[in-house]
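Shared chain: chain A. Partners: chain B in the first complex, chain C in the second.
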Partner chain A sequence: MSITQRVQQWATFGRVWHVYDCSYQNPFDSAKVIVKYLKGMQKPIYHPMNDCGDHVVCINTKQIALPGDEWTKRAYFHHTGYPSSATWTLAWELHSKDPMMIMKKAIYRSLGGNLQRRHTMQRLHLFKDDKVPQEVLDNITNQIRQLRPVPQRLDHIDQEVIDNFPKIMDYPEDYLPKAIK
Partner chain B sequence: MNNLIKNIVCRQSFWGYPAARTLFTTPATRVKHIEISQEKDVVTVRGKTVESGREQLLVPQIKECARNGERFCPECSLGLDIKHTDVLILSQYVRSDGCMLPRRVTGLCKRQQKKIGTMVTMAHKAGLMGSLKPANCKKDPEKRYGFKKFNKYFFEDTIKLPRAICKQS
Partner chain C sequence: MVFLTALRLTRARGPDEWWRKRKVFKLAAFFYGRRRNCYSLAIRSLHRALVYATKSRALKKMDLIELWKQRISGGLESHGLEYWQFMDGLHKSNIQLNRKVLADLAAFEPATFESLSKIALDVKEAENDENSNKN
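After this line comes the complex of A and B, so read on.
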């Protein structure tokens, strides 16, 4: 085996570390994408029996976004096994207790059930903010593209940009800027 | 004194043309700023027109529409597809406390007024316009109570709109 082939062999079977920024992303849509990287489905050598999955580092899981009123409508069921110990926790309550749990459960669920699931989950690394240990950062070589654009807050835009932005509305002549008290 | 001024201003200019009074013997006072000055025993109340500071930045289609006597709408006239995340556009249609301006001021068609008004609400709920809030509100969205402190987004196609669109060629 020549040097080139040997390096090709390493590159093919080496585990790549991807980073995914969860801020303002839907966890359930993101999970479908992340699962493909965890299983290695983006590789031409993919086979369910082939151990070729990659690592994914999810950062900013506290900043995930849910559409509409889903924070108060989505419930997480838990049962300890004892009688009358069923609990239904709303998504926002679960997220205040553990900011990584919704993302973890979304990915765990979309992995689908087989015996490989627990081992695949070991390759997922969740962080609630952008403080990632250096030894994890050293491995990362790729970034997964975000699914939704991150919206910009008005108070984070420079006042100069706001003032010089083209205007599409002007006040009528008889408009009183401030009501008299 | 303040009540008196309020009455005068409200009756004559602030509310435009009230239904009970459609006939005027004098022209309706068009004012943007009420100036009150006091000299010895004389109190002078004067209406003063103030520039809004937007004239230089206005898109040229507004003046074109005004010349042709047409209504100007960002979607009907410019073909803009505004989302609730476009805070630079939405913030032009609100008061300093973040409340949507009425149609009499914005000059939009009914459909656009409803749509932009709902998108302003969406932007507020998503915490994108924290700087435009009443003084007693929490300006930082992460300090809001309960589920409100978490990020959320909205779909614009969930806004229920009247069927009729702006009458234009």
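After this line comes the complex of A and C, so read on.
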């Protein structure tokens, strides 16, 4: 094998590290995208038995956005194995206990069940905020595009921009806004 | 064999029993346990195995088609096209390459594959222009 071909071989089978920013992203839709990179399905050499998956670093998992009323309706089941030890934890409760668990479970679920799943999960690195160790950051070479734009929060906009925003009228001094039900 | 009467002809059952069973045993040689040595069990599992083999010939083709699709869409990941758009574009430009060849090109001839994806992209853009002109 010539030198160029050898390098080509390394480049083909080398593991790429991707970063995914979870802020304001739906974890269940994002999981489908992340799984594609974990399994190596974005490569033309993909085969279920070919170990060609990449590493994915998920940051800001604390900032995920669940759709609709999922925070209060979605329950996570756990059973220790002892009688009457079944527990159902609501998503908001689980998220306050461990901000990485909802993302982890969403990805674990969408990987599908086989013996490879636990090993594929080893290539997933979750971080609750953007504080990532330097040795992990050094490996990252690619960013996975977010599925939806991050909305701008009103309290993050400069007061100057808000004041200068065009408006058609000023509210009267004694105006009371309608109460939100 | 020579049959002197018609009665003998109807009662004769093909080759000798030992040779008949030997054919089955040869096919069942790799089965597990008594299924390879006991004729009644061997013939039973052999019939099943042959049915599976027949069905799997179609299934194997389906599995490979699925794999090729996956590999082509993997190769298209960096060229901004979906699988169906790519195949549709190639079909409309009369490029008659099958999925197997396209999957091989994606892995071993990435430059060729990229130019094919550009052709498909051109077709898509031309269609978009036509649609916008109509509206």
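Basically, the second predicted complex is superposed on the first by the 167 of 181 C-alpha atoms of A that agree within 3 Å, B and C clash if a C-alpha of one lies under 4 Å from a C-alpha of the other, contacts with A are read in each partner's own complex, and residues count from 1 in each chain.
Criterion: contacts are C-beta pairs under 8 Å (C-beta built on N, C-alpha and C of every residue); 3 or more make two chains touch, one makes a residue touch a chain.
Worth saying up front: this structure is predicted, and the values here are computed from it rather than measured.
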First (chain B), second (chain C), both or neither touched by A:Pro44: second
Touching partner for A:Glu160 - first (chain B), second (chain C), both, neither: neither
Contacts of A:Glu135 with chain B and chain C, given as first, second, both or neither: neither
More chain A residues in contact - chain B or chain C: B
First, second, both or neither for A:Met169, with chain B first and chain C second: first
On chain A, positions contacted by chain B and by chain C: none
Contacting residues of chain C [partner chain A, same complex]: 67, 70-72, 74-75, 77, 103, 106-107, 110, 113
Interfacial residue positions of chain B with respect to chain A in the complex: 2, 5-6, 9, 13-14, 16, 28-34, 49-50, 52, 54-55, 57-59, 62, 72, 74, 78, 80, 85, 87-89, 91-93, 96, 104-107, 126-132, 139, 141, 146-147, 150-155, 158
List of chain A residues in touch with chain B within their complex: 23-24, 26, 63-68, 70-72, 90-92, 95, 148-149, 151-155, 157, 161-162, 164-181
Touching residues on chain A, where the partner in the complex is chain C: 41-47
